[in-house]
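Shared between the two complexes below is subunit A, which has subunit B as its partner in the first and subunit C in the second.
Entry: the complex of A and B
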């Protein structure tokens, strides 16, 4: 079994004030139209001013988030850059595709084509940090950030010396994407205010969101860091198997369900998927904190990146923001389990331990 | 010594045909697969030649016992299924049912080849129509998930997208997952169907040749696009031997490193390509002079061939034969790494060095030149295969006979 890896820093660009963490979700942002867009930071602090003019939103989001995570970890050049995205740069793809159709395949601008390439954020991060090390991009729906973390864990386990991997994810919400996915029952037809999403769990669909999250990971045990003990990726879970899978996963890491102090769950108010979470949540101890986050971020393929950012923040703040709390607990926040489901039949588990 | 990773089955589909015999036949008889596309509906078809798989979507679907017409399967998926079907025929079905194994796929634009024909329906207020069958096919994982569903597999899945090095990266990931004990076997590779999106993307970059491409030639004028799919089954040598499998090759080394130079262009001195090949040699514990053949990335773009050529010259001098097989297949993008991995194995099996078609004029920047004519009866022990992509993503793979 692989050794744990240690999270040195975490940065999230999300619909909430997560980029500059002066307070931990004291003031939350909500939406009434079923779409949560990120609060964009000042990108010029992190990106070459000449290059930034032609960059799309997602490219800026990814690069700035990655650079900030390195800055927080006090690392200038990571040994590896690994990212995951479910959608890639939708804006660039849509732009190039629509131009191609309307201009009938003539006189197209290559910038949108280049930026629509799924690994363009990776390329830029390597360029900006001069990192010539291992560089990888996963594009696999609800597994994209999980696969990146798994790869990073392998990379850091393969290393003989102390190494740092920059791992991150990004997904962007566009008007087109919202329309397209409304045709496959992704979104609620009767839309509550986003803060009330989780109690509107009797109808199908959720609300749309977006975000980026990046982490600096190392193989060297660090005090006061959050350790990622392991990950599990699950296909087509059923509720019974799901609880068994969780228990099996935990026991592999020497932990039981009762040892979990904080559970961060990807409940998204969609009636179709409640069955997955409910038996698990019922099985936790009464003292376990249960937190949810998709009413703050909306749903997107790499939303579990935000959950991981939350897990890291919990260590730095005494108080758990009340907006996150699904069930109040009393435990110290040591063993954290992230449970996330994504609409295209996948679920993932991440087990973390505060050091 | 740690267990080595071996290749025990493979599936391949490209403009040259389907399966190993078709490819062996074409590659050893100078039969290239490029032509004006017949199935891709682009206004550029009369002007440009491409490496299109010579089967319609209906032909591919029928051979897979799928309904023809708008069946919800993109050409990307149909190519993947066809290559995977060949691979799976070579192994006992239960092998992949009982144990943990991974299916690691690679792709650049998902089902764009279908989506681009119906995008305005996608974003209209219309909720019904044949386009609905394709609504979840735009992302890179659509072919991965369809392969898994079609064959009734339950693997650990992953989809990689790093432009033109994607499937080479898939092979590396598979080998690493086996070494870490996460899975026992991995089917790794990639697929890409030509789309108007991709063709026009490369045309907008002005690096596409209308005529057959000329890798490593002074007068090279860009690439020809292609399509296809290639998959390889990887496992530990001991596992392969225990089940009596034929070992096709040893996957003896690999490296992934980044140029960190420019979003699309390689470092002009070939530093990135040099570093990647060197690291791959180190990982295989081989010296440069032990390599028998270099299967170059060789896209025939001005930048790539200058950078890659300089790197080859610096690392190998003029002692190792090299060629690009892109003039045979076109650049199959995400599939190129795995397709050329198959070619590397073929070179070892047949003891041949494939010709770098269309080479005429020595490049000014280089003192070395590619193999212009087929070489036979060449003892080939180790082959290095390069795949370099946008975003500076460089991969070198090494396959060995023993």
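Entry: the complex of A and C
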């Protein structure tokens, strides 16, 4: 079993004001049309002004979020940069494909092609930080950020000296993507206000979202850091298997379900996936806090990155923001379990411990 | 020629997304790369595409391209001599 890794800093760009964390949920953003787009910070603070003019939203989100996470950790050059994205740069790809058709594959703009590649964010982060270390991008839909974290854990476990890995995720929502996925029944036909999403769990589908989250991870325990003890990826879990898998995962790390102080769950109001959460939530202690977030972010392949950001923030909050609380608890916020799923029947677990 | 240069400046601003800039901000003879507009190598590729898409001009020789793309004036002169659209 691998040793834990320690989260030095976390930054998230989400539909809520999470970039400047002190403003988080002071003003709650909601949507009535089933689409939650990110609240964009001033990117010019983090990105070369000459380059920013041709960057898509997702590229700006990823670079600014990554640079901010490094700034918060007081790290100028990470030893590795590992990211995950379920979709890559949708805007650039859509531009490029449309141009291919309308221009009959002649005189295509290079920018859209160059920046539509999945590893554009990593490349820019490496250029900006002058990091020539290990650089990897995972593109595995609902497992993308999880695989990045797993790779970072391996990288940091192998290191003989103190190292820092910048790990993150990013996904953007576009109008075309929304239309395509509505044909696959991703979204609710009768759309509630996003803040009421979780109570509309008797119909299929959810609401769409987007976001980026980045973390500076290290292999040395630091005071006030949050330890990522382990994570697990699950394909097509059944209701019965899922609870057993969670219990098995926890026991491998010397923890039981009753020891979990805070559970952050990826419930998204989709009736098809309630079966994953219901038995699990019933099994938690009465004192356990249960938090949900997809009514604030919408659904996207790397939404568990936002859940991880929330887990890191918990230690800074005397009171958990009420908009997150699915079930109020009384426990101190030490052992945190993140449970998430994505549309194509994949699920993941992350176990964290505040230091 | 003056009309062509104005049109070219508008196309450069739009194609390179030079936010906050207007044609009058671009000097005809100022270098586009380096100290002038401060464009970079990806911009040079975008300008090649601009010439091909709008004027039917394909520049195959990199050395010639560097000369043609040095300023709005040089681009306009090259377009006038070689345009096919």
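Throughout what follows, the second predicted complex is superposed on the first by the 353 of 355 C-alpha atoms of A that agree within 3 Å, B and C clash if a C-alpha of one lies under 4 Å from a C-alpha of the other, contacts with A are read in each partner's own complex, and residues count from 1 in each chain.
Heads up, the rule we're going with is that a residue touches a chain if its C-beta (ideal position, glycine included) is under 8 Å from a C-beta of that chain, and two chains touch if they have at least 3 such contacts.
Values in this document were obtained by computation on a predicted structure and should not be read as measured data.
Novice: Using the superposition on chain A described above, determine whether A:50 touches subunit B (first), subunit C (second), both, or neither.
Specialist: A:50: touches subunit C, not subunit B.
Novice: In the superposed arrangement, does A:98 touch subunit B (first), subunit C (second), both or neither?
Specialist: In the superposition, A:98 touches subunit B alone.
Novice: After lining up the shared chain so the two structures overlap, which partner does A:108 touch, if you call subunit B first and subunit C second: first, second, both or neither?
Specialist: both
Novice: Given the touch rule stated above, what does A:184 touch, subunit B (first), subunit C (second), both, or neither?
Specialist: first
Novice: Among the partners subunit B and subunit C, which is in contact with a greater number of residues of subunit A?
Specialist: B
Novice: Looking at the overlay, what does A:140 touch: subunit B (first), subunit C (second), both, or neither?
Specialist: first
Novice: Could you say whether A:202 touches subunit B, subunit C, both of them, or neither, answering first, second, both or neither?
Specialist: neither
Novice: Residues on subunit A in contact with subunit B in one complex and with subunit C in the other?
Specialist: Overlap of subunit B and subunit C footprints on subunit A: residues 106, 108-110, 114.
Novice: Can you tell me which positions in subunit A touch subunit B when the two form their complex?
Specialist: 1-2, 81, 86-88, 96-98, 100-101, 104-106, 108-110, 113-114, 116-120, 122-124, 126-127, 129-141, 143, 147, 150-151, 154, 157-158, 176, 179-181, 183-184, 233, 235, 344
Novice: Which positions of subunit C touch subunit A when the two form their complex?
Specialist: Listed in rising order, the residues of subunit C that touch subunit A are 15-19, 38, 40, 42, 45-46, 49, 52-53.
Novice: Which residues of subunit B touch subunit A in their complex?
Specialist: 42-44, 107-108, 112, 115-116, 119-120, 122-123, 125, 127, 132, 135-136, 139-141, 144-145, 154, 156-163, 169, 173, 176-177, 180-182, 196-197, 200-201, 203-205, 256-264, 272, 275, 389-393
Novice: With touch defined as at the start, can you tell me which subunit A residues reach subunit C in the complex?
Specialist: 50-51, 53-54, 103, 106-111, 114
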